[in-house]
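Lettered A, B, C and D in written order, each chain numbered from 1.
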Amino acid sequence: MSKFGVIARFESPESLVHAAEKVRDKGFTKFDCHSPFPIHGMDDAMGLKRSKLGYLIGAMGLTGALFGFGLQTWIHSIEYPMNISGKPYFAYPAYAIITFELMVLFSAFGAVFGMMFFNRIPRFHHPVFYSEKFSDVSSDAFYVSIEVDDPKYDENNVIDFLRNIGGTEIEVLSDEN
Amino acid sequence: MSQIEKKNQEFVKTNAAALDKENNQEFGYWKSLKDISSEEDYNRFLKQSEHNIDNGLSRRNFLSLIAASVALAGLEGCKKPVQKIIPYVEAEIGTIPGIPKYYASTLPFKNNALGVVIENHDERPVKVEGNEKHPATMGKSNSFAQASTLEMYDPDRARGIKFKGNNIDWSEYLKFAKSLNETDGKGLAVLMQESSSPTIKSIKEDFKKNLPNANWVVYESINNENLYDGIEKAFSKRLQPLYRLENAQIIVSLGSDFLGVDDNNIYHTRKFAQNRDIVDENSTMNRLYVAESSISSTGSSADHRLNVAQHEMENLLAELAYELKVLGLPINANKVKGPNNLWIKAAAKDLMSNEGESILLGGSSLSKEFHQLIALINHQLNAPVDYYPLSLSQVSSINDFKSLCDDMKKGKIENLIILGANPVYDSPADFDFAKSLSKVKNTVHLTNIVDETSKLCSWNIAMNHYFECWGDAMTYDGFVSVVQPQIMPLFDSRSAIQVLSPIVYSKEQSAYDTVKSVWKSKIIKKGNFDRAWDKVLHDGLFEKPLFNSVDVKPSSKASTKVLNDNFKLDNNKFEIIFNPSSSVYDGRYANNGWLQEIPKPVTSLTWDNAALISLKVAKKLNIKNGQMLEIAVGSKTIKIPAFITPGQNQKSISLELGYGRKFEGRIGNGVGFNVYPLRTSNNSCFVLNASIKVLNETYPLASTQDHHGLEEDKYAAPGFDDLAPKEAQSRIPELVKQSTLDYYQDNPDWVQKKVEQHKPDKKKSWADHSMYNPDWDYSKGPQWGMSIDLTSCTSCNACSIACQSENNIPVVGKEQVMKGREMHWIRIDNYFSGDPDNPEVSTQSVACVHCELAPCETVCPVAATTHSSDGVNQMTYNRCLGTRYCANNCPYKVRKFNFYNYTRDLPEVVQMAMNPDVSIRFRGVMEKCTYCYQRVSAARISAENENREIKDGDFQVACQQSCPADAIKFGDINDPNSEVSKAKRRNRDYALLAHLGTAPRTTYLAKIRNQNPMLVSNSYNGGSH
Amino acid sequence: MQIFPRWTNNFPGIFLIAVFLLVFSLSSFIWYYGSPYYTDVGYAPTQPVPYSHKLHAGDMGIDCRYCHVGVEQGYSAVIPPTETCMGCHTYVKTDSEQLKLVRESWETGKPIEWIKVHMLPEYAYFNHSAHVNSGVACISCHGNIAEMEVVYQVQPLSMDWCLDCHRSDAPEVRPVSEVTNMYWTPPADYDQFVSSWVAEHGEERPVGDCQKCHR
Amino acid sequence: MSVKSKADIRAEKLLPGNQDFTSITNDIAGVPEQKKTPIQWWLLFGFALSLLAIFVGSVGFLIWEGTGIWGINNPVFWGWAIINFVWWVGIGHAGTLISAILHLFRQNWRNAINRFAETMTLFAVICALVFPGIHVGRIWVAYWFLPLPNQMGMWPNMRSPLIWDFFAVFTYFTVSLLFWYTGLIPDLATLRDRAKGLKKKVYGFFALGWRGGNRQWQHYELAYLVLAGISTPLVLSVHSVVSSDFATSVIPGWHTTIFPPYFVAGAIYSGFGMVMTLSIIARKVYNLGHIITVEHLDKMAQIMLLTGCMVGYAYSMEFFVAWYSGNPYESFAFVNRALGPYWWGYWAMIFCNVVVPQFFWFEKYRRHIPFLFITSILVNIGMWFERFVIVVITLHRDFMPGAWAMYNPTMFDVAIYLGTFGLFFTGFLLFLRFLPMVSIAEAKLVLPESNPHHGHDHE
C-alpha cells in the first residue's frame, strides 16, 4: 500500500491562506489547499504560476476560425462553384458569421476540455476521499494536503508543522487496497 | 370489313399523319403508309397505348421514392427497387421512344373548328397547341382547347354502353338501331348540339332521305340564333358573319364579349391584337369602344367602356343609329334621349370618320332587330365583315326544339337519339324537358359523362373524346379540317357517326370510312384523292375552302322604333343577365379541374359562380361578399351568393351559366349554383324585374386575389378601411405602367424616364449595382428572356392553363384556394381604379421574372435554387428542403409551395395527362416558372446534335405558344434579331419593381390606351410617384 | 469516503479511445456501404433471356447502334424490339432453347420484360444523344460491354460521379466516330484534342445548371 | 469597527439573516435532497407532461401530413413556427447573458440567479431548435443543412442566413451547455459528498472527482472566465444572426439595418422576463426568499426597464426611417402594421413592451412581487406579438397588391406552440428536483467571510 500524504483542516479562508503562505515559505511544492469555493489571492499564497490554459484556448479559437472560413471558401470557390444570385464565388463577407461561430465553438471546447486536462479530471478515485471529514471541503471545510512525493516530505515533521500553523484533525492518508 | 380491320386502318392513317413538325413531309407520310398495314400494327397500337400508360405513371412518383428510400433508411433501403424495361415487339417506323410526335387534328367547338396540333409522348396525347396552318387558330389556342387534355383523361367519363343502367353489348344497340331503320322514321327524333361537320351533315341528308318522317333537331343553350335571324332580316340570307378585325381601326362593341367567351375568340383576339402591336410612338393602334353591363375580358381591354344595363343596350343602338343617320342608312331613326350622349357621339364620329375601317359588334344575347340594325349599319359603314353561307353547318333553332318538346309531351316521339347535348340541364326552364323526356319510350344518350340527361335515358353510350375518334369540322369561312384519333378509345366509347350509321344505313360504318367517303364525294373533288387526303392528314385541313364569302345588299328597311320602348324596369327591381362561364361555358366543362380552378378574368373567382352586383347596390342593400341572395323571377327563385364587382351595372345582376350540376363528376358535381331555372325560352339572355332578397347566411367564395384596389379593407383598424385600397391604387401606375396613345406620342420616352428615376447610378445597368463584381458574364451563349405586352394582353387565361398542362401543375381544390395556396405558375393580377361603376382595369400576368440578381437564390440554405449559365433562375425540386425562405424573399410572390402532397390521390388515368418531361412535385417542395426548361433543353440538345447554334423560333414556351394575343415573346436576348430582343428594344419596355435591382429577365411593355380626346379619362399618364 | 475503485481513473482514456473508434468506424461504414460504389456497382440481374453482349457485341462485333437505335437521337438508347432479335434469329439458332421467350414474344406479340440495369433516379433527365454526339464513349459509363456475358453496372452513376467528368479539365472524350469502340486507344496528340474539345464544348457542360438534368 | 464594510452591506441585502457557509449549503442542497417531493411539484410536472404529450402528437401529425396543416399560405410562408423559434431563442438569452456579462463585471448579485437563468436558457434553446427542424417541408432531408460529404457532391449554401442561423443557434446551445455544466461541477461535488447510495454514485460520476483543490480552482476559474468572455459576444451575435434572416431580405419591413441591436435588446428583455417569472415561482415554492431576494428582482426589473426602452426606441425609429426614407413600400409596411388588419397585434406589442415597463421607474413597483410576476408574463406576451408583427404582418402585404392575402393560424399552430411549454417545463422541473437551483459555491462568495482580506477594507 502506497502512502499519499498528510491533510490538515483549517477554520476559515483567511486561516487557509495564511497556512498556504507558511507551507510555501517552508519550501513545500507538492501540496494543495482545498476549499468549497475559489479563494481570492490563494494562487500567490501558494506560489502558483499562471495557468497555461489560455494559450490552448487561443489556439483552438484560431483553428476554429480558419476551419470555418476555409470550409466555406473551399465549398463555394473550389469544390462546387455555383452561380447564386449572380454573386461571386468567393463571397467573403457572407462567410464572417460562420467563421465567428466556429471560432467561439472551438475555443469553448478548448476551455472546458483543456480545463479538465490540466486538472486531470475526471479522476474518480483519489486517496483524499478515504477521509470522512475531508468531504466537508465541498461545503464549509478548508484543508491543506501535503503529498508524500514532495522532496521535503518527512511525515513527523510535516504533522508537527501543520499542527503549529493551526491545522486540526490531521490525518495521514494512504492509498489502501 | 370487320370492326377490327377498320380500327386497324384508322391506326394506319393516324400513323400516316406522323410528322416532324418542321421538315420531310414527303418522307413523313409516304413511307409509313406503304410500310404498315397489318393486324399486328393494330395490336401493337393497342399495346403501346397500354404500356405507355406505365411510362407516364412512373415519372410522377419520383419524390415519393426518395421519401421511401429514406424512410427505410437501412442500407438495404439504399438498394433501388427492381425496374423493368418493356420494349416494343416490333419497331415502330420513325419512332424513338421518348421523342414526342405531333399530329394535326381539330377541336370541334359548336359550329366552328379549332385546328390543333397534339403532342404525343409514346402514343399518349398530353398537350394541345394551335395549328399554325389553320385559319381559326393560327397556331394559338384558348383555355378550353388547352384544358381538353384533362377532359380526355377524366376518370369520371362514361364507359361502354348501358341499357337502363346495366352494361350491355354494342351489338344489342345495333339491333335496336337497325330496327329503327326499318321504319319510315315516324316518332323518331335526333337531338344534337351545333356542329359544322360535313360528315354529320351528309349523314343528316341521308337520314332525311331514308327516314322521311323522322325529326332532326339542333339545340345549343348558348347560340347565335338572334344574330343569324337579324342578318336574315337585313339581307334576306341566313349568313355567318366573320369580323376581319385586323382591318378595323375602330371597333364598337355593344354587349359583345368577342375577346372573351364568345365564339371564335381565338381568331378575334389574334386579329384584334395585330392592330395593338405598338412598335414605337409612330405606330398606330385600333380603338375599342365597349358598352356592357358587367365587366368582361373585352370590357377590361376597352379604351372606352360604357356601363349600360342590358335592356338599355337597344336604346343605345338606336341613339347610335341616329348619330349615324348621315350615312344614309335604310333606317328611320329618330333621336332618343339618353344619358350617354357623349360616348355615343364620340363612337359615331369615329365610326364614320374611319369608314371602311370601322366595325360594330353586337352581343349575341340581343334581339334580332338589334342585329338586323347592326348588320345594316356595318354594311353602310362598309365594315370589314365577311358573310359566309350557313347552309353547311347545323345551328341551333329554338323553334325546332320547342316543337320537339311539344311532340314529346304529346307522346308523338317514341325514339329519341340525343347526341352529346344535355337538355335536361340546360334547356329553357319553361320547356320542362325532363317531363317531356319521360313520355318518350326509347331514349339514347351519347354522352361523355353520365349527366342529368343520361340518368333519364334508357340507353347510355359513352362518347369519344376528339382525341379518340375520326371526324371533321369546318370554320366559318369554309375551311374543312379533319379530326383524327391520337389514341384508341380508353373507355370503350363511340362517336356520333358510329351511333347514327346503323340507324341511317342499317349497318355500322366505321367513322374513318364515313369521313373518308364524305371527303371523297364532297370536299376533295379534284385531283389524286389519296395524295390530297394524306396531305390533309398532315396539315390538318384542306387548303381550299368549301365556299367563298357572299355579297350582301340590304333587303329590308329597318326601324329603330322596334327597339325603343320594349323594356321597362320597375324600381327596386333588377335585370338578370345570363352569361356563358369563362370556365365551364354552358356547363360542359364542369368536371374539368383545370378550368374550375382557373381564376376568372376580372373577378379572380374560382370553383363557383356568383351573382355579380355593383358596389353601390351592395352598399345600399348592405350586402357583403358571399352573402346569399334569393333571386326571384316570377314564380321561380334561386339562391346564390353575391360577389361585389366593380363595373357592374347598378340595375343588373350577372349570373354565370353552367354551374350547380348534379351529375356523376367528382370534380364538378354540386359546384356553384344552377341558374338555368330562371332562364326561359323567350328571355334566354336576360330577364327583367327580378327581385332580390338578402338572406343572412353567407357562403365561402374562393377568390385568388384579395385586393383589386377598390374594395375596402374590412379588418383594418376602425376608421382606416380605405388605407389598403388607397395604397393599392397608388401602386397600380408603378406596377402596370400605362398611358394614353396621345401622351405616349408626345412623350415617347416616359417609360424609360420613370425606370431611370430609381437608379442609383444612371449610367450603370441594374446588374452593375451589385456589391462586388460578379464572376458571371451573361454576354455569351443564348440568354433567355421574355417580354409581355400589356397593351395586347386580354387576360384570357390561355397562358395560365397552357402552363398548367405543360408543367403538370396540380389542382388543389376550393379549400386550398381559399387558404391562398393555388399553384398556378402564372398569376393574372387585375387592378381597378377610378370610378367604381366604370373602372379602368389594369391586368398583368405575373410569373417568375427570372431575376439576374435573384433574392430567392441567395437565401436558400441548400442551394436548391440557383442560376444557370443561360440566365435562368432554376428551381431544383429534388434538392428542395422546403424552408420556404425563397418564397418569402421573392418581391413578386411568384413561388408556389406544395403544402400537401397534392398529387397523392390523383387517379391513374389523370396521370396519363402528365408531361413526362417534367417532374411531378412532392409535398414540401417549392416550384415556379422554369421558362419551360424542358423545351429549352430539347431544343438546345437537338441544335447541338446538329452542330448548329440554337436559333430564334426553334421552340416556343407554353404560354407564348398559346397566347392568342401574341403578347408574350420569348427567346435569346443576346441575339439582336430575336423577337424578344426586338420587343425589349421598344421604348415601352420596363422591368417590374426595377428599383429593387433584381434585374429581371422578364420585362413588360407598358399598357397604351388609345383614347378619344373627346372623352379622355385615363388617370395615369406616366403615373404617380 | 471513496466511491469508485481505482481503475475508474482510466475512464477518461477509455472514453476517448471508445469515442474515436466509434466515430471512425461509423463514418467509414456509412461512407462505404452507403455509397453507390457498394449499393449499385456490380448490380447484375439475370435477364429473362440470357442475352450475351460478349457474344454479339464482342465476338461478332455488332455495333451498339444496331440494336440501341435511339442513342444518337433520343434521351433513351432504346432496348431493341423483339423484331430486331428475330431479324437474325428467324434464320440463326431457330430452335435454341434460350431463344424460346423471344419466339414466344414474336408470336404472341407480348413484349419481353427486360430488367433495368443502369437506373437513374426519375428526377435525373439523362440524355444519351447529347453525350454520344459530343464524343462521350459508351465505355465511359457502361464499361467494356463487349466482354460482359451478363451486363452489370460498372460506374456508381451518382451525381458526384457525373460531376467528376463534367467539372474536370480533361474529361473522358474522344472523336465522335469512335464512341462505340470498346478498344480505342488515345492517339499521341490526345491532350490537344481534349483541350480543343473543352474549348468548343465548355459552355454546354452543365456544372451549375441544375435544370439541365433536374426539372 | 463601528462602520460596516461595503461587503457586509451588500451581503445583508443579497443574503439577509445570519448566513454562513454551512447554512447556505444546507439551504440550497436541501432542495434536491428532499426525501419527499412537494405536491406542487407533482402537480406542475403532471401538467407539463400533458402539454408534452400534445406536442409529440401534433408534431407527429405534422410530419405525416405536411406543413399544410398550419395556417401558412402564399404570401405568408412563415407563420407561428418561425415566430415561436425567434421567441424561444430570445428567451434563451438571459441565461448566458446574466452568467457571462455580469460575471465579467463581477456582479456578485448574479450568483443567486445565474444557475436558474442558464438552465432556462438550455431548455428554451432546445424548444427553439425544434422549430427550424419541423417547419421544413421535407423533414427527412433536414440533414442537408449540415456540410457533410455526400454522393451528390452537394453542399449547403453558406451565403444563406438560415445556415448562419443554424450554426449560431447550435453553437450557442453547445457553449451554454458547457458553461452550465462547468459551473455545476463543484456543486455536484457538494451533492456527492452529502448523498448516500446510488445517488452518491450518480452525482459522483458527474462531479468528475472534483476535490476543490486550489490547483484545480486555478484552471477552473480561468476556464470559466474565458467561457464568460466568449459567451458575451456569442450571446450578442446569436440574435443578430437570427435577425439577419429578416434583415438580409428585400421585403419592406424586414430589410432594416436596425434589426440586430433591436433583436438583441428584445431578446434580453424577454429573457429577463422569463427568469423573473420562474424565480418568483421557485422562491415561493421552495421559500428561498432569503437567497433569491427582492434585491435581485429589483435589479432584474431595472434591466428590463432599460431593454424595454431600447425596444421602444427601435419601434419608433423604424417608423421614423420608414417615413424619412420616402420609400412608399417601406412606409406602407409600417402603417399597415399599426392600422392594417392585424393592428391589434401591433398595439398589444406596444402596450406590453413599451407601456408596461415604464412602471419600473418607481422602486415601489420594482419591489412589488405580484406586480412583477404579472409584468414579467405580459412582457413575454408582448415579445411574442413583436415576432408576430415582424413575420406575419410584414409578409401578408408586401410589394404587389395582387398577391396580398390574410393569414389565419390553425389549431395545430396553437397546439405545437403550447406543446413546447410542455417540453420546457418538463425539463425545468426535473432540474429543480435533482440539481441545485442556485450555485452553492458562488453563493458563498457573497458572504464577507469568503474574502480572506475581509474586514481589511483599508487595504
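The definition used in the following text is that a residue touches a chain if its C-beta (ideal position, glycine included) is under 8 Å from a C-beta of that chain, and two chains touch if they have at least 3 such contacts.
These figures come from a predicted structure and were not determined experimentally.
Student: Name the chain pair with more contacting C-beta pairs, choosing from A-C and B-C.
Tutor: Output for the comparison: B-C.
Student: Measuring between Cα centroids, which chain is at the maximum distance from chain C?
Tutor: Farthest chain from chain C, going by C-alpha centroids: A.
Student: Suppose each chain is reduced to the average of its Cα coordinates; what separation in Å results between chain A and chain C?
Tutor: Between these chains, centre-to-centre, one finds 58 Å.
Student: Taking each chain's centre as the mean position of its Cα atoms, how many Å separate chain B from chain C?
Tutor: 46
Student: Where the centres are mean C-alpha positions, what is the separation of chain B from chain D, in Å?
Tutor: Measuring from centre to centre gives 58 Å for this pair.
Student: For chain C versus chain D, what separation do you get between their C-alpha means, in angstrom?
Tutor: The answer is 54 Å.
Student: Of all residues in chain B, which are in touch with two or more distinct other chains?
Tutor: Within chain B, residues 66, 855, 858, 860, 863, 866-869, 879 contact more than one other chain.
Student: Residues of chain D that touch two or more other chains: which are they?
Tutor: Touching at least two other chains: 153-157, 159, 163, 192, 204, 209.
Student: Would you please write down the residue numbers of chain C that are in contact with two or more other chains?
Tutor: Counting only residues that touch two or more other chains, chain C contributes 3-4, 34, 163, 208.
Student: In the complex formed with chain A, which residues of chain B make contact?
Tutor: Touching chain A: residues 767, 770-776, 852-855, 857-858, 860, 863, 866-869, 999 of chain B.
Student: Please give the residue numbers of chain D that touch chain B in the complex, ascending.
Tutor: 65-68, 71-78, 135-142, 144-145, 154-157, 159-163, 166, 245, 248-251, 328, 332, 335-336, 338-343, 395, 397-406
Student: Quick one: in the complex, what on chain D touches chain C?
Tutor: 149-154, 192, 200-201, 204, 209
Student: Hey, which residues of chain C end up touching chain D in the complex?
Tutor: Result: residues 3-4, 31, 34-36, 156, 158-161, 163 of chain C touch chain D.
Student: Chain B touches which residues of chain C in the complex?
Tutor: For this pair, the touching residues of chain C are 33-34, 39-40, 45, 69-70, 72-76, 78-84, 105-106, 109-116, 119, 121-123, 125, 127, 129-130, 133-134, 203-204, 206, 208-212, 214-215.
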